[in-house]
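Same chain, two partners: chain A is paired with chain B first, then with chain C.
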Partner chain A sequence: MSSVSFDHVTKRFGDTTAVDDLTLEVADREFMVLLGPSGCGKTTALRMIAGLESVTEGELRIGERRVNDVDARDRDISMVFQSYALYPHMTVRKNIESPLVATRHARPAAAERAARVREAADVLDLAPYLDRKPGELSGGQRQRVALARAIVRRPQVFLMDEPLSNLDAKLRTQTRLELVELWRRLEATFIYVTHDQVEAMTMASRIAVIADGRLQQVGPPQAVYDRPANLFVAGFIGSPPMNMIAGEVDRSPLAGPLRVRTAIGNIPLPTPPTTNLHSVVAGIRPEHLRLGGSDLSVEVLNVEQLGHERHVICRAGDARWVVRQAAHEPAPAVGERVGLGVDGASLHLFDPTSTERIA
Partner chain B sequence: MGKRRNVRQWALAYALLLPSLVVFAVFAYLPLYRLVHFSLYQQSSRLGGGERYVGFGAVWDVLSGERFLQGTWITIKFLIFTVPAGIALGVLLAMAAHRRLKGIKIFQTIFSSTVASSVAVSSVVFLTLVNEQIGLLRNVSWLSLKSPNSALFAAALSSVWQNLGLTFVIVLAALQTVPEELLEAAHLDGYGAVRRFFRVVVPLISPALFFLAIVLVVYGFQAYAQIELITGGGPLRSTETLLYRITKLQKNTDLQVGASMSLGLFGLTFLVALVQFRLLERRVTYGN
Partner chain C sequence: MATDAPRRGAAIGWYVLLSALSLIVLFPVWMTIARALSDGSATLFARTPSVLPYSPIQWDAFSRAFTEGGLGRPLLVSGLVTLIIVAAQTATAVGAAYAFAFLEFPFKRIVMVLCAATLLLPIEVTLIANIQTLQEVGLVSPSQGFGEAIGALTLPFLAQAFGIFLIRQGFLGIPKDLRDAAQLDGYSDLGFLRRVAVPVTRPVIGSFVLIAFLSAYNQYVWPRFSVKTNRWDTVQLALRRFGLDNPDQLNLGFAAAIIAALPVLVLLLVFQKQLIRGLTAGAVK
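Right, the complex of A and B next:
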C-alpha cells in the first residue's frame, strides 16, 4: 500500500490547462475523493497517476518513487473506468484474471491465478457468473467485475473514475456502502473521482475539491462542510446549497451590536470578524435559518415536502434561498412574507473579491 | 368464404413475388440450368450440328483433368498471394490512420481512392510501373512479367493494391468501434502494444476481418480483368486462373469443358460460402 503525492503538478492539452499547479498528498490507506464539476480536471489528475496521461510540469510520486516517466504497466496501480472497460470477448473469469496474465512482472502460476480469481470473485459475489461474458451481465454485475479485476492484482493504489455513474440510484446507494467496506477490508489507498458531493461526503476520508483545474480545499468531509475555504466550495458542497447574500459589516458602536447589513435585514455577529473589510458575502446553510425569527425578511415562493423534512424556497433580494424545516413544524403559506432568524455562530463570511473565507 | 379469401391471398402473394421470380429465373436459374445442360451434352463442331449426351462421367473427367486442377492450383496460389497480404496491409494502414500519424491524410486519400477506380485503371497503372523501358519497378525481379515464377505474384500485387481501399475503409470503421478505454485498461493490465493488438483489437474487429477474408476470396475467384490486362494468362499459362481458363473456352466444341469447369468453380465458391456461414455463426457476440 502506498501514498500518492502531487507536487506542483500541471497538465496542459495545447492551450487548455486541465490541471493547474496541483499540490496534494494522498496518505497511505486513505479514501481520497477528488470532487468537482464536470470538466474541472479530476479525470486528468487520476489518469496522470495511472500513467495514461503525461505530466506537463511538476512531480508525481507513488510512495517515495517519482513516477513521471514510469510506464503505466510498472506503477502497480489498478483503475476502474467509468465505462468499466471489460473485455467483451472474454468470460468474467478471464476478465478478472487478465492483470495476472498480462503482467510483465513475476507472473503467478496457473493454480495461484485461479485461487486469486476465485477469491476476488467471492469478495464481490461473482462466483456464479465466472463463465459468462460481460454482455450477459447487468450493469451492477459488470461494475463488480471491473472491481474484481482491480483487486485481483493487489495493487498499491486503486483509482476509480466515477464508477457509480452508470448505475441507477438505488444500486448506487448500495454500491457506495460496498465500496467503503471493500476499502476497509483491503486496507488500500483509494483515489476516487466524482462530481457527486453525496458520494464524496459519504465515502471519503478526505475530500479534495477541484474547480477549473485548481485545488480549492482538502479536508475531511465534515470539516469541508463546516468551514468551506471559499465561495466555490461553499456553493458546491451541501444540498440544498448554502444561501448567500452580499452585505456590509457595520462596525459603528453607535449602531448597536456588531452586525452585517444586507438588503433583506441585519445578521448579528457574535464576535468581531478577523478582517477590516467592509463589503462581505454572507453565507448561511439552510439548516441554520429559523422561520419566524426577526433578523431577515423574505417571501415564500414554494414549499417542498420531503416527508422527514421540508424545504421552504424563498425570495431573498435577488437570490433564491432555501430554509430547512422539520416536518412537525407548521408550514408557511406560499406568497407569505416571513421573518428568518440567523444563528450568528453558524454564519460564513467571504471576501467578495478574492472569494476566500474570512471567518 | 374462408377458402376464397385464402386463394386470393395466395394469388396476391404470387403476383407480388412475380417480378423477383422473373429476375431470378432469367439471371440465375436459367443460366444455371443451361450450365448443367452444357456440361452434360457435347456440342457439335458445326454450327447447328446438334448435341450428344456425354453424362456426368464427362464432367468428372474434366474436373479431375489437368486443365481444371492446374487452374485451381493457380487460383489458390492467387488467393494465397492476395488474401492474407490484402488484409494485413489494410489493417496496417487503417491502424496508422486510426492513430492519426503525420501525413496519413495523403495515404488515406490514395488508398481509399482505389475503391472508386476500376480494375482496368489500376491494372494499367501497374503495367506502367513494371514497364520494361520506363517502369519505376522494371528492375524488381520478383515482379517480372517475363518469368512464370513471378508473373502471378505481380498480377496478385496489383489485385492487393486494387482491394486495399476496401480493406482499409472496412478495417478503419471497425477500429473506430473499439473503445479507447478498453485499450487503456489493457495497457494498465500489463499488455504491451503487440499483445494489446492481438488480444484485444483483433478479437473485437474479427467480424470485419472475417467479412474481408470472404470478400477477398470471392474477388480472387472472380479476378479476370487484371490477369487479362497484365499477363494475358502467360507466360507459359502460369497465370491462367480457373475463371480465366473458363473464359477462353468459347468454341462450340469447348462448351462442355467450360461448363464443367464452371460447375467446379461454382462448387468451390459454394464451399467457401459454407465455411463463411460456419465462421460467422461461431462469431463472438459483443452486445452490451
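Right, the complex of A and C next:
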C-alpha cells in the first residue's frame, strides 16, 4: 500500500492548462476524493497517476518513488474507468483475470490465477456470472466486474474515475456503501474522482476540491463543509447550496451591536471579524436559517416537500435562497413575506475580491 | 388505415425495384447454367434463343468439364495462391493498421498518404514494371518451376493498402478507455493487438479476409502475364485455355466457369452477413 503525492504538478494540453500547479499529498490507505465540476481537470490528475498522461511540470510520487517517467504498466495501480472499459469479447472470468495474464512481471500460475479470480468475484458477488460476456450483464454488474478486475492484482493504489455515474440513483447509493466497505477491507489507497458532492461527502476520508485545474481546499468532508475556504467551495459543497448575499460590516459604535448590513436586513455578528474589510459576502447554509426570525425579510417563491423535511425557496434581493425546515413545522404560504432568523455563529464571511474566507 | 397506404406503396415500389435489380444481376448467372446444361451445337443452331436449357439436357457437363478441362491442378494452384495472398495480406494489413492507428513514428502521415496513394493505381499501371522485375529475378520465365510460379503469382500481392485502411478504421473504433485499460493491465503492444484489438475487430477483419479471398481468387490479368507455362495455370487461366481449345464444346466452357465460381459462391453464402457488415463498417458511428 502506498501514498501518492503531487508536488507542484502541472499538465498542459497545448494552450489548455488542465491541472495547474497541484500540490496534494494522498496518505497511505486514505480514501481521497477529487471533487470538482466537469472539465476542472480531475480526470487528467487521475490519469497522470495512472501513467496514461505525462506530467508537464512538477513531480509525481507513488510512495517514495518518483514516477514521472515510469511506464503505466510498472506503477502497480488499478483504475476503474467511467465507461468500465471491459473487454467485450472476453467472459467475466477472462476480464477479471486479464491483469494477471497481461502482466510483464512474474505471471502467477494458472491455479493461483483461478483462485484470485474466484476471490475477487466472491468479494463482488460475481460468481454466478463468470462465464457471461459483459454484454449480457446489467450496468451494476458490469461496474462490479470492473471493480473485480481492479482488485484482482492487489495494487498499491486504486484509481476510480466517476465509477458510479452510469448507475441509476438507487444503485448508486447502494454501491457507495459497497465501495467504502471494499476500501476498508482492502486497506488500500483509493483516489476517487467525482463531480457529485454527495459521493464525496459520503465516502471520502478527505476531499480535494478542484476548480479550473487548481486545488481549492483539502480536508475531511465535515471540515470542508463547516469551513469552506472560498466562495467556490462554499457554493459547490452542500445541497441545497449555501445562501449568499453581499453586505457591509457595520462598525459604527452608534449603530449598536456589530452586524452585516445587507439589502434584505441585518445579520448580527457575535464576534468582530478578523478583517478590516468593509464589503463582504455573507454565506448561510439553508439549515442555519430559521423561518419566523426578524433579522432578514424575504418572499416565499415555492415550498418543496421532501417528506422528512421541506425546502422553502425564497427571493432574497436578487438571489434565490433556500431555507431548510423540519417537516412538522408549519409551512409558509407561497407569496408570503417572511422573516428569517440567523445564528451569527454559523455565518460564513468571504472577501468579495479574493473570494477567500475571512477568518 | 388510410395513412398506411403511402407507406405500403413505397414498400411495393422498393420490392419492384429490388426484384428488377436482382433479375439484372442474376440473369447472366442463370444463362451460364442454362448454357452449361445445353448441348453446344443446339445452342449455336437454335433458331430462337431461349432462356431455358435446350434438350437433351447435358447433366454430365460438369463432370466432363472437370476431367476434360483438367481443372484439378488449376484449382489447387489457385487455392494455394489465394491462401498465401490472403494470409499475407491479412497479416500485413493487421500489422500496418495497428501502427497507423495506435503508434507514433516519424513521417507517419507521409507514409500513410503514400500508402493511400497506391489505392489509386490500378494493377495495369504497375503491371509491366512488375513483370520485368520478376523476369529479372527469374520468377517469370517459360521454364518457371512450381515455386517460381507461385512466387510470381503471389509476390506483388503480399501487402495491400485497402486492407490496411479498412482494418485501421476498425481499430480506431476501439474505445480509448479500452486501450488505456489494457495498458494498465500490462499488455504490450503485441499483447494488446493479439488479445484485444484483433478479437474486438474480428467482424471487420473477417470481411477483409473475404474480400481479399474474392479478389485473389478471381485474378486474371496478373496471372495471364506472370504464368508462362500451362502447368501452373490458375483456374481463371485454365478456363480461358479450355474455351480456346474446345470451341465446339461451348457448354463445357460454361460448366467449367461454374465450377470455378463454386468456391466463391459457397464462401459468399456462408459469410454473406459478415461481408455486408464489414463493407458498411465505419459508415455508421
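Just so we're on the same page, the second predicted complex is superposed on the first by the 359 of 359 C-alpha atoms of A that agree within 3 Å, B and C clash if a C-alpha of one lies under 4 Å from a C-alpha of the other, contacts with A are read in each partner's own complex, and residues count from 1 in each chain.
Just so it is clear, a residue touches a chain if its C-beta (ideal position, glycine included) is under 8 Å from a C-beta of that chain, and two chains touch if they have at least 3 such contacts.
Small disclaimer: the values here were computed from a predicted structure and weren't measured.
Aligning the two structures on chain A places chain B and chain C in clashing positions. Applying the stated contact rule after C-alpha superposition, one finds that A:A114 touches neither chain B nor chain C.
Of the two partner chains placed by the overlay, only chain B lies in contact with A:G135; chain C stays clear of it. Once the two complexes are laid over each other on the shared chain, residue contacts for A:L186 go to neither chain B nor chain C.
Once chain A of one complex is fitted onto chain A of the other, the partner contacts of A:A85 extend to both chain B and chain C.
Residue contacts after overlaying the shared chain place A:L277 against neither chain B nor chain C. The residues of chain A shared by its contacts with chain B and with chain C are 50-52, 72-73, 77-79, 81-83, 85, 87-89, 98-99, 102-105, 149.
Here chain A touches chain C in the complex through residues 47, 50-52, 72-73, 77-79, 81-85, 87-90, 98-99, 101-105, 149, going by the rule given at the top.
Residue ranges on chain C touching chain A, taken from their complex, read 175, 177-178, 180-188, 191, 195-196, 199-200, 202.
The touching residues of chain A, when paired with chain B in their complex, are 50-52, 72-73, 77-79, 81-83, 85-89, 98-99, 102-105, 133, 135, 149. Those residues of chain B lying in contact with chain A across their complex are 179, 181-182, 184-192, 195, 199-200, 203-204, 284-288.
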